[in-house]
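Two complexes, one shared chain (subunit A), two partners (subunit B, subunit C).
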Partner chain A sequence: MTDATAVGMSADTRKSGRYLYIASVAFLCAWVIVPIYFLLINTLSSPEAVNSFPKSFVPEFDFSSLQFFAGFEGMLTALKNSVIVALMTMVMSIIIGAPAGYALSRFEFPGKGLFRLLILLTRAFPLPLLALPLAVMFIQTGLDDTAFGLALVHTTLAIPFAVLITFSLFSGIPIELEEAAWTLGCTRLTAFTKVVLPLILPGITASAIFAFVISWNEVFAAAVLTIENRTLTAFLLQNLDTSPLHLKFAGGFILVVPALIFIFAVRKYLFAMWGIANR
Partner chain B sequence: MLLNARILPYVLILPVTLFLCLFFIYPFVLVSQQAFGSSEGGWSLDNFREVVDYWKFPISLKNTLLLAAAVVPIQLALALLMATMVSKMEKGRDMVLYIWTIPLGISDLAAGIIWLAIFEQSGFLNSMLNGMGVIDKPVNFLTYQNPWIVFVAIALAEIWRATAIMLVILVAGIGLIPKEYYEAADVFGASKWKQFTRITFPMLRPSLQTALVLRVILAFEIFAVVAALGGTLFPVLMGETYAYQFDLLNSGAAAAMALIILAISIGFTLIILRILRVPKGASI
Partner chain C sequence: MAEIQIKNVAKSFGAYQALNNINLTIADQEFMVLLGASGCGKSTLLRIIAGLETATSGEVWIGGKRIDHLSPKDRGIAMVFQNYAVFPHLTVFENIGFGLRMQKLPNDEVTQRVERVAGLMHIEMLLKRYSGELSGGQRQRVAVARALAMEPDVILMDEPLSNLDALLRMEMRAELKGVLAESKTTAIYVTHDQVEAMSMADRISVMHEGNIVQAASPIEVYRDPAAKFVASFIGNPPMNFLPATPAGAGKWQVSGQTFDGPNTDKAGLQFAIRPEDMAPAEHGLVATAKIVEPLGAHLLVTCQIDEAQFRVILDSDTVVKPGQTLTLAPQSDRVRWFDPETTLAVA
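== the complex of A and B ==
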């Protein structure tokens, strides 16, 4: 075999390898998107079309399924509850979690290892299970069936992420910047608010959004802890056996929409925060 | 100032510590008390005996473990494949990564509903099979006559939904491996496969650890996907816990189930940490 044919062959295999590579990337993108597209078709079709057979593979842009969803007894309240609980979770997890993230990134202190272990332990734990005893505790304190009570549990879920994400964000900002501010007459607090905070704000927003999504998506604790004030996930779960298909699909779609937007909003931070949080 | 710097970190971690004591450690103590308690007071294993002896327990344990055993390895392979694919992508990397991470934000309930749209009787799988002329009447896939199809539907929904979390962790981990290693490997003529097995895989151990622990724990918590797709056809541990709490109003038994799930999770976490342990001083 001459050199020329060997080179030609390797160029050929490289070319076919390239096609295989592009085809697999495209296939994996379709694998993610197509099921969501199917849900979209069902959502934007009339209830009759949703229950008919065979299905059309293009939506008919009929909003009666969504109207049915909005008109369904208790659904809009559930949607509102979901948003309230998620907002509370978002605020609490950042206010409570971010200072700890700052402490981990800036200070060496006795007990730091133990504290990190506590945080990691929380993450490596089937947390929704703790909703069971909390149900009893909440009845005693009057927190049962309230948005705030559920938000407390969701905050427990979101806090390890909030701490680890803010930890990695603060670690990305050189301490020299703060030290420079101190020499220029800033106190620790003003150096933080004037120098660090503006730099960190987009990242904090990203981790807040992450906390929102965690709460928005949580099913088990929400179903255990709410009875009258059900969140959207709990409401849908409770009515799975009885609700018609078009209601399920419209509800599922409403659950998916914020996810699409939020993951887009935080996409830049997703990888940075996991890279350091790993170690 | 010196005193300040000594006390300040503790002030900063105080809120989290208090919060976790109140809503993580305290409920954990409560759930243990409930599980080991009995109606006459004192300690007993009655609750555990009750749930383990129930006829549904072996089935739901088997289902949960089978599902984890089927889903997690596929997710790991898929996430590794996707992560290596994007690592050498030049154009469109951000777009592809965004699409692949979309399921990260989708709840298990929504994922169950999405795959219900495909597998239900008038769903898209039936419509496709009908369009290709394989069947002329819609088949009801999700019934007790087809336990394997129910299993496959749930497994697919899980693989679809939860591969993204592993992908994110692995992509972040690959980003931390110094490029020089690959350059050196190129100089010595190592193939791409050799580079993967000799550089990427060993250097990725800490990320693999995190990804697997997180994923396996979540796999034992599987609940809403099953509720949406299988209903009562496919009992799993978490679903039984929910049933004890609500349908049977037996919170002692529910607590015992919770502790069993917890014990399984911890057991598997330790196994993963052991298998993928990072030798001391061998980090990057």
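== the complex of A and C ==
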């Protein structure tokens, strides 16, 4: 009898635990999906529908909001700036980050642990703290209000991730493959280009895309360091008060969609970054 | 001609001495096996010869040329790795031809050589596949074929069969031995498996704690171990040891019995005999049977002589029960003697 009660109780606990689990998952999904859904509805509705009340829960598939957005002065330039800065960030963070990731994964050197910690620590300083001295320095060197200057700052933000992702990618490639290549007539460099590079290229792409998204989403440095050459985020922030509601929605949508698509495409490698095995 | 000479090679990792002053000469076309437990330095020695590891001191010569300062690609070696190291992004054909492509050989020669070694390793039908589509045994064949395609002076193998299952290992063992004998390359083969070592080697170097304890033919290593370590490492079950006390010139007393032994003035020796070199007789060592294991081909009896554990292999028809007393006579020409202080063999 006591056995039966114990079994019954544990089954009960398990059942309620399961409900709690499902409810939590549903809540978290709603937390993320509902705002994005509203963003979608309002972007695909006519400006009149966006400003009226009550709101509809199904999109009208009216593209006049997006058309208005595209026609808004400075918007397309800002979009172009965003893409340019993000591309520069992407290239620079890989060129700097991937060799660091390789070194971390393949060599033993004094201070390796400290180096890894420092890489993470670069994310510990809030950007506003750095923005003022950076702005002063950029003005002195003439880098202020340029896409390259902003890309430099974004690269700094993206490098820790580039290093960590590439580190885990390189660690996933057995050193024996490189050693085999060396014994088969490769130098360190040719072994890298002929064996390691083809194997990590998909992961490098993922890491690059992640850097792109970091730059694409970044608003604070963009707002502080640029005036004429605003990126889309900074431009929208600047015009937030004055612009009509449907413009904000359309801008938000344009910002969210690429980031979402890219992150979805590279999710496998982001798991790898946190040490969750993906093969 | 690719004779390998290892001269005074030592390697330390920080304070840890992995290899102490290794000296070894391997003849042209010889099949040398480095045998030892894990951590004995056998892989380190192989990697130093390959150039994947740098010796702390000493020299390595191949074919009369000093090569320890050269990078792996310039040493005339090819290596087979324990986990195969087949490149996953290339087909079997391109894997085998990888080294030849690096040498920029013309296409038709690459094709011809790849097809020849693929035939040798019986993997002609796999040439278009990728490593992910191969079994462990097939990957191992690709790895060996890739090394052979280089037509190296020396082929180095680091536990190449240890990831295969037992049956496949036995099959590959025989095949590898045949292929390597035919290719006329000098081979160094690292393993911890004594059966592999005994069955393949021309000569075995038994390694222990960074030293080569004995380098000799398999049968010599088995019959005449140079040290107690070799005697207790090789053979399954290993040699039996009993303490012996002097009983006059060239005579030694072992468990109440007198045997002819070496004529030395040592205060004591160790008497050693292989389990299969004993037979029940009227006079001999008196042992109490403890555990009886019928193994089919023979009977393994673990018994006790005085305080020492003692194993004998008897004919499978022998009837022995635990607790029974056996009188065992050692085959006199198979008895060996070790000095308990130096642990070395005494003739």
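In this section, the second predicted complex is superposed on the first by the 241 of 279 C-alpha atoms of A that agree within 3 Å, B and C clash if a C-alpha of one lies under 4 Å from a C-alpha of the other, contacts with A are read in each partner's own complex, and residues count from 1 in each chain.
Rule of thumb we're sticking to: a contact is a pair of C-beta atoms (placed from the backbone, for glycine too) under 8 Å apart; a residue touches a chain by one contact, two chains touch by 3 or more.
Values in this document were obtained by computation on a predicted structure and should not be read as measured data.
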Subunit B and subunit C placed together on subunit A: clash or fit? fit
Where the C-alpha centre of subunit A sits as vertex, the angle toward subunit B and subunit C in the overlay (nearest 10 degrees): 100
Subunit B versus subunit C as contact partner of A:184, first or second or both or neither: second
Subunit B or subunit C, by number of subunit A residues touched: B
Which of subunit B and subunit C A:199 touches, first, second, both or neither: second
Partner chain(s) touched by A:223 [first = subunit B, second = subunit C, both, neither]: first
Contacts of A:115 with subunit B and subunit C, given as first, second, both or neither: first
First, second, both or neither for A:27, with subunit B first and subunit C second: neither
Which of subunit B and subunit C A:264 touches, first, second, both or neither: first
Shortest CA-CA distance between subunit B and subunit C [superposed frame, angstrom]: 6
Residues on subunit A lying within both footprints (that of subunit B and that of subunit C): none
Complex contact set, residues of subunit B against subunit A: 4-6, 8-13, 15-17, 19-20, 23-24, 26-28, 30-31, 34, 81-82, 85, 89, 94, 96-110, 113-118, 120-124, 126-127, 130-131, 138, 160, 168-169, 171-173, 175-176, 206-207, 210, 213-214, 217, 220-221, 223-224, 227-228, 231, 238, 241-242, 245-246, 251, 254-255, 258, 261-262, 265, 269, 283
Parts of subunit C lying in touch with subunit A, wherever the complex brings them together: 50-52, 71-73, 77-79, 81-83, 85, 87-89, 98-99, 102-103, 143, 146, 150, 156
Of all residues in subunit A, those that touch subunit C in their complex: 174, 176-177, 179-187, 190, 194-195, 198-199
Subunit A residues within the subunit B interface of the complex: 21, 24-25, 28-29, 31-33, 35-36, 38-39, 42, 50-55, 57, 95-97, 99-100, 102-104, 106-107, 109, 111-112, 115, 118-119, 122-130, 132-137, 152-153, 155-156, 159, 163, 188, 213, 216-220, 223-224, 233, 236-237, 240-241, 245, 248-249, 251-252, 255-256, 258-260, 262-264, 267, 270-275, 278-279
